[in-house]
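Chain naming follows the written order as A, B, C, D and E, and within any one chain the residues start at number 1.
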Amino acid sequence: MFKKQNPEVGARPGTLAIPPDSPPPRITVVQYDAAGVERRQIEDPRELAGLLEPERVTWVDVQGLGDEAVLRAIAAAFALHPLALEDAVNVPQRAKSELYAQHQLIIARTPLVQDDGLLTTPQVCFILGERYLLTFQERYFGFFDAVRGRLQAGLGPMRRLGPDYLAYALVDAMIDRYYPVAQSLSDQLEELEDVVVEHPHPEVLARIHLLRRKLVVLRRVGWPQREAISAMLRESSPFFADDHKLYLRDTHDHIAQIMELIDSAREMASDLAEAYLSNVSHRTNEIMKVLTLMASIFIPLTFVAGIYGMNFENMPELGSRAGYYIVLVVMVTIAVVMVVFFRRRGWIGNPPPPRLGADREDREG
Amino acid sequence: MFKKQNPEVGARPGTLAIPPDSPPPRITVVQYDAAGVERRQIEDPRELAGLLEPERVTWVDVQGLGDEAVLRAIAAAFALHPLALEDAVNVPQRAKSELYAQHQLIIARTPLVQDDGLLTTPQVCFILGERYLLTFQERYFGFFDAVRGRLQAGLGPMRRLGPDYLAYALVDAMIDRYYPVAQSLSDQLEELEDVVVEHPHPEVLARIHLLRRKLVVLRRVGWPQREAISAMLRESSPFFADDHKLYLRDTHDHIAQIMELIDSAREMASDLAEAYLSNVSHRTNEIMKVLTLMASIFIPLTFVAGIYGMNFENMPELGSRAGYYIVLVVMVTIAVVMVVFFRRRGWIGNPPPPRLGADREDREG
Amino acid sequence: MFKKQNPEVGARPGTLAIPPDSPPPRITVVQYDAAGVERRQIEDPRELAGLLEPERVTWVDVQGLGDEAVLRAIAAAFALHPLALEDAVNVPQRAKSELYAQHQLIIARTPLVQDDGLLTTPQVCFILGERYLLTFQERYFGFFDAVRGRLQAGLGPMRRLGPDYLAYALVDAMIDRYYPVAQSLSDQLEELEDVVVEHPHPEVLARIHLLRRKLVVLRRVGWPQREAISAMLRESSPFFADDHKLYLRDTHDHIAQIMELIDSAREMASDLAEAYLSNVSHRTNEIMKVLTLMASIFIPLTFVAGIYGMNFENMPELGSRAGYYIVLVVMVTIAVVMVVFFRRRGWIGNPPPPRLGADREDREG
Amino acid sequence: MFKKQNPEVGARPGTLAIPPDSPPPRITVVQYDAAGVERRQIEDPRELAGLLEPERVTWVDVQGLGDEAVLRAIAAAFALHPLALEDAVNVPQRAKSELYAQHQLIIARTPLVQDDGLLTTPQVCFILGERYLLTFQERYFGFFDAVRGRLQAGLGPMRRLGPDYLAYALVDAMIDRYYPVAQSLSDQLEELEDVVVEHPHPEVLARIHLLRRKLVVLRRVGWPQREAISAMLRESSPFFADDHKLYLRDTHDHIAQIMELIDSAREMASDLAEAYLSNVSHRTNEIMKVLTLMASIFIPLTFVAGIYGMNFENMPELGSRAGYYIVLVVMVTIAVVMVVFFRRRGWIGNPPPPRLGADREDREG
Amino acid sequence: MFKKQNPEVGARPGTLAIPPDSPPPRITVVQYDAAGVERRQIEDPRELAGLLEPERVTWVDVQGLGDEAVLRAIAAAFALHPLALEDAVNVPQRAKSELYAQHQLIIARTPLVQDDGLLTTPQVCFILGERYLLTFQERYFGFFDAVRGRLQAGLGPMRRLGPDYLAYALVDAMIDRYYPVAQSLSDQLEELEDVVVEHPHPEVLARIHLLRRKLVVLRRVGWPQREAISAMLRESSPFFADDHKLYLRDTHDHIAQIMELIDSAREMASDLAEAYLSNVSHRTNEIMKVLTLMASIFIPLTFVAGIYGMNFENMPELGSRAGYYIVLVVMVTIAVVMVVFFRRRGWIGNPPPPRLGADREDREG
């Protein structure tokens, strides 16, 4: 099973509903320009005020939401809109992109399979300003390690470009995480194909349904994601350079491909469920055939035996010397007729599966 | 079951179709500005005329629609368009937002589970003017208590902002009520999962259908709600400040999330119904196997016994000393052959459910 | 069953395909202004020429289409476009609204249950000019009686407003007629719910399908209606005052609500069909259980009896004094073992339906 | 079955893929104005050059595509765009309307039931110029006979209007041909309703599927047709007068109505298939009941008889004078108990179909 | 089965994920104008710089992606955008068309049935510049041989037109490849129709599902293709002449037709699966009938025989001379009654399939 990530919708505007088991915030500041990268932990959020530099990009990564005072201090330092702070804290939100006067808010969600096999979809909130990027995560996730490494190593154009490119790279890293999960679900479905034929146990159907439900969760989370990125591509934002939208277009292609993969997997799940039900029918059918065969052959024979088991005094056949043998011959005849009848109907013998012809696409060069 | 909240569509323009069991109106007037809140009951609707003040927001809450004269007096006091009054009174309406020259009309509906378990979806009609807000409710509902409390307590920016913010807060409070109902339906479906496997009784399917129908009701009520809020976001209204639309965008996200939850729950309901049917098939199958087994083993044996129960005078085997024992051995042999045949076909013994492999998403880090 | 109202599409432009059983036209002229209403029958269509007055609204209601000459005379008197006359006469048309240079054409269709239970959907064609309204009906329907009464009585603003308001009122009256039919179908489906459980006879499924087909007919007729009204709301027409569109918006809400009701009813029909099939399966299952039980208990017992019915001379048990009683004990033991086995599997006894927990939405306040 | 009319898509731009069995072109030229109509066959396509007259409309109808040289000569005479010629020759194309600089190309397809019952959907290509209309047909179809007759007879406004009106009239004639085919399929489905109940043979399901497939073919051909006409209504073409679009709007209504009829018929096909399967289940159920009844009554009785058929020496009952009669009474009692049990369960006797209440729509006036 | 062509989405921007088994690039340069065609292999990608000529079109075809250095050199020579190079190399991508400042990128995918029957959908990436076209293929495919031949032979207008026409011709060649594959799948489904009736083995259903899955793959690949071409038609590109869009419109029609064929085939697959399940039911039904018939006739008879096999001393019938014959008559009577009962119910004898009436579309001329 997977943990339900349903929204606590009831949060009132202006109230922060801190997730109950969220650890206290750990604030990491990364500042960089083409020349180099500087990185440090910050304990007191008041240090954030006056941190911004016009020449360098500032990335403040907040991991853990467990202290309202700290969060409010961060919001004050960056003059966040109250609704933006709420969206960052009151998880889960739908993936979306919203423009405010001072900044752009982006919510992205990514699948995470927990140690106990549960499928969760944690969110990250991005606040993208002119020269800074804030990211809020509910827990200490490792989603951004790879990007942080590339930033440190100076690979690619990341250090030369603004915080919007950084935001793109992080969102892209999150969306890349959909693929292996979707692929794994699709692979598991494919493996069930043989099991469905050979062991059509209700357990198998339950497994198909479980996989389908995980696909539904992925789809439910992924569609708003796709829409959000598509909206970012369309709308003109003062915070996201048009030149960098080429990259975002790429991310959009990825999530679109993943959604198509998920939809195909869902169709496969439906086919499997149908195949399962058909196999159960087929098995019932086979059992019926055996039952009918046994009953149809032996019931008449038993009846014949029953007749000559009657105790009438006057039954001439009983006295005849050949009577017994004649009856045996009659019985064998009846049995043979029955078997021939069933064989004609194709109920005896497992006929080889119908010849379906060679797989003939090859005729197309 | 749940009460049908179908429209009495037949109302003629200009006619008020007072709901027959609606209590007489109770009129509460709340006037506030940043400085304070004043609240009082009003008995005579004529007091409403001249009540509006340019500096303070006036909120007139009408609970109960059971007196046409009073309603018409209220409409006159605020110069309501006749169609707006009708929409307020002739419940139920679809959720919607309509602009009139003098005011904006908003219909919102929210799920309400009655004491007897019925699911109803009462409506509230909002008439939003320049400096006032009118709300019409069919009965004495408690939907607005929390907002009224926040207003009284002066929490948040509500007292500083106009009647449109108040309208937003009230609509938002109504939409927040969808979530626990949808979640409860979803939870109940989830609990049915085990029951479907262990007690596939038609009662269970009926329960699944009942839950699905409640989901359909929620969806039918919720979709126009979503559209209405989306329309309010798009259209430019003289009564709803653009700045406050940021908040409305939040409400739109909530209802969108709830609709997604409902859709997932409906898919789960379909899966459950399929699982139910599959389990019934499986059970039939199991029963068939036992029947076939018993019949196939004992019918031939009984036939053999029948043969030697015949009364032919000339049946040499009967006189043989070992005849009885030989027949017993033959019978045991037949039985063993049958059992082996059935075991090979996998019809005897409950094989352990197929190994489906460990839940393998964990391979994805 | 219901009469098929399929179009005779083949009509050539310029040809009038008079419905074969349509009675001769009965022409009623109503002229009104705020001051009063004048109403008279007209025999000779040539009287219509010169009838229009700039100050008064003229409503010409044509009931029956059975005389081409008369129809052409009417068309000439009002300078109707040839295609408009065709649409009026060549029933049935889809509901629609079309602008011509001289007038606007509106087709509306409404459900009508005939005396023999057939569901038909007759059409009315409205031709809306600057100062006049023409209505063409196939037969003498009573759809407009209520509106005519209100006009006569001077209720509401109708006499003060133009022919477009009259057209709105008449269309609205036709759309109001959908609701009771849809509601009745929905109610009938609801009543079938118990029948499906208690008497799953194919007749019930046929009834469900019949109701669903009627719903499909309503939907097929209602959707273009909705679109037509929605088009009238959007497009700017010289014949339909923008001020009166507020009223039309109301009509649009009604038809939208009705369509939602129909869609819910269709979902209910599908659920019912599924429940029906599930109940048939359940019954088969119950029957199977009894059969298996009887067969499994008595077939082995009969076999045992058969053994001691054999006529071997040397069967020591037969001579034993206690043999008979021992065999009886063995038989009882076999029977008891079988019953215990079946009881364990839950195949004996009708277990109470599974406890599904109290209906728990009530936990939500 | 019906012939597959699938496209030979592989045609290269610039290549004409003459349909292999297409007869040689027969070219008919019709020239007309309000004054009169002149019609003649043309043998040599070079005669076409210089044929156009500014005052008269020229309609060149080419029946048969079996001679590439002739086709290219026609194309040269009218300066056709190479792609337009291809679309005319390389059948089948989707229905469409395409604007070129020199002319407008319209492809229309219409259903044709061949003598052997196959459903084909031949196409006609219209090339509409300023003062001329070209039509290309694969074979000698009679689709245009009626229009040609009206043109000859001077009925309607056709001779006064341009080639666009002629094109409209011809397309309309082709679309009128959809209706009887769709209606016939719908009628055949309706007739199957009783057969499904009384003879649920797989043949019937195959028939339903065959009809559904024909409906799918009609739909696949009709949808692009609808879209094409809808596009012609929207786009402004120098070749199609806006005034004549009123007529086209009519054609659009026809095809829309037909599509709705087809969709209803497809829903009916699905219902029928469901009813078929349900009837098969019902029949199985009935058979099961009889089997269970017979087995359950007689198997215990046979067992009792078997007991007293045992040959134990010491069976006191056998010696009792009344023993035989007591056993007979016991047997009758068992049988009666069984019958009562089955009757209670409702398995004996064909209960009258459940009372479904009178068809109650009549309660709605 | 078919190879999964799922995306390795994880590629980071700026990284090239060379497909592991891709052979080293083989670079073919074709330069042509109306006068002639020059073609040569290039070993060193640095030769490409300075290759472009203003008067001639340059087509560089890169087959094989197995050497990153070479690919980067090509990209440098044509100043490709880094993202464009990635899209070319990191297969598979969705079909798409993207505008960059320097060039247009088009991704097309086409179905390819491998020798082992697997269905793959390799991609080709087109980079279309002002005077050049680059094509990147993963392997040595022969998709372009026909176009290359036409180019060489100077057929059609290709040599006179720019690189956009060449790109069109190549994309068109790729899309032409969909048709035979889709048609083959459709044909195979059609052939399964009889098999489904005569050999309803689960293998057949598995085959139907396999074909459906191939159709799903085609559809998943084809839809973005259709969208991409539709986008190219809409958007105005400096690289694709508007005049040549007429040709592209043709390609769009082809892919649209193919998608319709695929959708029809998918509906047929669903019908087949339903027919399969119905046939299995029908067979079970037939088997049940035989079983019930045999059991119902012989079980009562056996019971009668059992009665007179009892050993009661006082059974008067046994002493009667005619007793035996009377019992035989009784038995025959019972059997006859049973047979008549079953015949009445239609359970004996294979009634001829119901008369479904002649295929009656022919009544429509």
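Assume contacts are C-beta pairs under 8 Å (C-beta built on N, C-alpha and C of every residue); 3 or more make two chains touch, one makes a residue touch a chain.
In this text, all values refer to a predicted model and were calculated from it rather than measured experimentally.
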Ordered by label, the neighbours common to chain D and chain E are none
Between chain B and chain D, the fewest touch steps amount to 2
Going from chain C to chain D via touching chains takes a minimum number of steps equal to 1
Interface of copies chain B and chain C: same or different residues on the two sides (over or under half shared)? different
Per the C-alpha centroid definition, the whole-Å distance linking chain A and chain C comes out as 39
Chain-centre distance (mean CA atoms) for chain A and chain B, in whole Å, is 24
Among chain D residues, those touching two or more other chains are 180, 277, 281, 284, 288, 291, 295, 299, 302, 306, 309-311, 315
Seen from chain D, its contact residues with chain C in the complex are 146, 150, 155-157, 169, 172, 175-176, 178-180, 183, 186, 197, 246-247, 249-250, 253-254, 256-258, 260-261, 263-264, 267-268, 271, 274-275, 277-279, 281-282, 284-285, 288-289, 291-292, 295-296, 299-300, 302-303, 306-307, 309-315, 345, 347, 351, 353-354, 356-357, 359-364
The chain E residues in contact with chain A across the complex are 6-10, 12-14, 81, 83, 86-87, 93-94, 96, 98, 100, 113, 115, 117, 119, 180-181, 184-185, 188, 191-192, 195, 198-199, 201-207, 209, 212-214, 216-217, 220, 224, 273, 276-277, 280-281, 283-284, 286-288, 290-291, 294-295, 298-299, 301-302, 305-306, 308-311, 315, 317-324, 327-328
